[in-house]
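To start, the structure itself, in structure tokens.
Per-chain numbering from 1; labels A, B, C and D assigned in written order.
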Amino acid sequence: MINKVVASADAAIAGIEDGAVLMLGGFGLCGIPENCIAALLRKGVKNLTCISNNAGVDDYGIGLMLQKGQVKKMIASYVGENKEFERQLLSGELEVELLPQGTLAERIRAGGAGIPAFFTPAGVGTEVAEGKEVRAFHGKEYLMESWLKADYAIVKAWKGDTAGNLIFRGTARNFSPMMATAAKITIAEVEELVPAGTLDPNEIHTPGIYVKRIFQGSGYEKRIEQRTISKN
Amino acid sequence: MLDKHQIAKRIARELKDGMYVNLGIGIPTLVANYIPEGIEVVLQSENGLLGIGPFPTEGAVDADLINAGKQTVTMLPGASLFSSADSFAMIRGGHIDLTILGAMEVSEEGDIANWKIPDKMVKGMGGAMDLVASAENIIVAMQHVNKEGKSKLLKRCTLPVTGVRCVKKIVTEMAVLEIIPEGGFKLLEKAPGVTVEEIRRSTEGKLIFEGEVPEMQF
Amino acid sequence: MINKVVASADAAIAGIEDGAVLMLGGFGLCGIPENCIAALLRKGVKNLTCISNNAGVDDYGIGLMLQKGQVKKMIASYVGENKEFERQLLSGELEVELLPQGTLAERIRAGGAGIPAFFTPAGVGTEVAEGKEVRAFHGKEYLMESWLKADYAIVKAWKGDTAGNLIFRGTARNFSPMMATAAKITIAEVEELVPAGTLDPNEIHTPGIYVKRIFQGSGYEKRIEQRTISKN
Amino acid sequence: MLDKHQIAKRIARELKDGMYVNLGIGIPTLVANYIPEGIEVVLQSENGLLGIGPFPTEGAVDADLINAGKQTVTMLPGASLFSSADSFAMIRGGHIDLTILGAMEVSEEGDIANWKIPDKMVKGMGGAMDLVASAENIIVAMQHVNKEGKSKLLKRCTLPVTGVRCVKKIVTEMAVLEIIPEGGFKLLEKAPGVTVEEIRRSTEGKLIFEGEVPEMQF
């Protein structure tokens, strides 16, 4: 099977230049590609368009890239945990496009699946519908939404193999499987990298065809936003 | 007047055995604490989990397992995990029997506003627009009036809406109300110690009631 | 978790009446719901519309239902292995709608996912495009296709639990996961039925929410259409 | 004139290291037997398998593991399994680098017909329409003429088409040809022992060639 392994996060993000359109996996801080974000901070690329459900928090995740002024535009569904984001947005430093979460997920899937447009009920009658075609099917109104693609998708998985196959864990899966399909180049960092043939083909969430570069990350912090505990 | 736990407890009585339910952030999340005896429901989290269990004990915290409010959770036996696209396919496809969410405003037509205050709050809609546009059965948990004492049950929403003609039922600290197809808040139940007149004064939209309005049961 | 277990195939297909629209999982004979098909033959319901990628072979699978004259209409992508099918079609006994395989798969997914219509390039410029809206996106033409739903979906999985969660095996997965989402009532037969909590939530292909009835099948023949062997 | 194995062998030379390839039923399936030394490709089967291995030995036959031609197969290390919707998402999304399939007719515009003979053959299109509409790079493996000796490389297809303006290259028992953007079959190579004149006579559509046409290499 074709070997997709690269040596490091820095090697994995090679070729990402100023102005690139990136998709970054994760829901809140759950499942974000920590090693690649650190490499992007080191590299200092600017004017990025970042497509991600959230924008991290002030001092972690995509929030760090915002702090460094690397992000020109953010496409997300919820950015409520990030004060610096709000400041940049209100001051006009940052462009932002907010989308319904399901629309974001489905537009990314459509980008990977060769479906240029589809109809969804989310956003009918709201600001989100502005400028979009509305059409009724079976007596209900729907918006036409278009596919979303990127230059690079950067995802983090639990296990991966040298052929680029990925298995996610828990709710850290979220947007990553669709993002992996919707970019010209998909980069995967994994907690555990194994030889091709080790993972059960039946359990693979993302087939290796979608992954161009893979490496084993290290030092995962996996910061928790809302540590909520039961007494007993 | 009910506190938020009592609102959650009253909403929990709307649960029927075998329902799949999506609980929004805030009061709706509390509903999970009051599921009646003998009723089994399965809770969905739109970030990709069906079968949410209780919050973990200190030792069982898992950063890879959170709900849509980013709180650490556990899974019940029989839980399943999936991607965000699959999760919203589940929601959009009408497979969730009941959606419970908070609101800043609801109109007498069933429109809901809960995602944006222009020039003030720019957090984003998250999954709310998908949920309200897709669910057949939506219950809103909210305060009847805002901090300035103004009604949040309006003729028309003043804030940017999240969805139109979608809310079916509302539970507030004062009352249980139903949105009727012709438009209007039909008063189904009043909270203990609250009068119909008080509810009428706190409801800007058309309030409809007939005869004696029963008191809420828990 | 909600218990979906029924006693038998006959109990599982209860309520399927003449004229029902059924989706049946399987690719060729791989992954077909053998026990439920046998029960449908016993029950003798007629005028069925069957949505399935193929129509079985003359003496197995949906082919047996065709032999008994139970099928009024077939929606499929390829029916080449079935002479009785061809005879009924040419004689006008059977209605048939042939769809591109990817369009069939995506229309079923759309049915389950609440997407009433989407655009696909498959079939542009062909008979399949007749009567359909054609629209260009990014310089390429696409057809608008609508969702597909059914009264009942009948699928066969490898493992299932009492909560209705399913895991498929090998290429027996094919259309079954989408079909399970696109019907009012989904019936699953499984080779091995286990208590809820036994299957790893990370490995489940079909979440239990989609399955209304589940039972452990027996006597699987798993007939092979093209037994192709390597010498060494 | 090439036999079908030689056609497959010639097509195999089009494979490049690291390609993901979908092989249709018939001659295309044989291509897998002639993958050149040092070239690694991954074969996709549209019924939901990436990383097809050789046919199984007698003892390793698994009814749950077949290719799109319904033949029993094996999986290579690194293979993955997925649903039909995910498989055609992969195909439609342009992730397959090369698609090789058979045809009954090809036109000089690159149209292809391979799914239906009206009133005679009603098998259905299977995945062919999705494959030809989606792939950037399509090679057709076919006979140059039919059993009655009539050309299958036509000005226009006479049979119902499977897709339009999609075929890039054709390998027959006589020649390797390229469809050029302006329309026409550009003769790239001739089979050993076949003359340009013979190819011209067997090609109804516009045949284009310049100077000496090289002989096929294997």
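Note that in this section a contact is a pair of C-beta atoms (placed from the backbone, for glycine too) under 8 Å apart; a residue touches a chain by one contact, two chains touch by 3 or more.
Predicted model, so just to flag it, every value in this text is computed and none were measured.
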Please find the path from subunit B to subunit C through touching chains that uses the fewest steps, and give that number. 1
Length of the line joining the C-alpha centres of subunit C and subunit D, rounded to whole Å: 28
What whole-Å value do you get for the distance between subunit B and subunit D if each is reduced to the mean of its CA atoms? 55
Taking each chain's centre as the mean position of its Cα atoms, how many Å separate subunit A from subunit C? 33
Where subunit D touches two or more other chains simultaneously, the residues are 49, 81-82, 88-89, 91-92, 134
Quick check: what residues of subunit A touch more than one other chain, meaning two or more? 106, 109, 113-115, 120-121, 169-170, 202
Chain pairs that touch, as defined at the top of this document: A-B, A-C, A-D, B-C, C-D
Within the complex, subunit D is touched by subunit A residues 1-2, 109, 111-115, 161-163, 165, 181, 195-197, 201-202, 204, 207-210
Can you name the residues of subunit A that touch subunit B in the complex? 27-31, 53, 76-81, 86, 89-90, 96, 98-106, 108-109, 120-128, 158, 169-178, 205, 222-230, 232
For the complex, give me every residue of subunit D touching subunit C. 45-49, 54-58, 61-67, 69-73, 81-85, 87-89, 91-92, 111, 116, 122-130, 133-134, 160-165
What part of subunit A is in contact with subunit C in the complex they form? 106, 110, 113-121, 135, 137-138, 140, 142, 146, 167-170, 202-203
Note: in the complex, subunit B contacts subunit C through residues 18, 20, 40, 42, 44, 49-51, 75-82, 88-96, 134
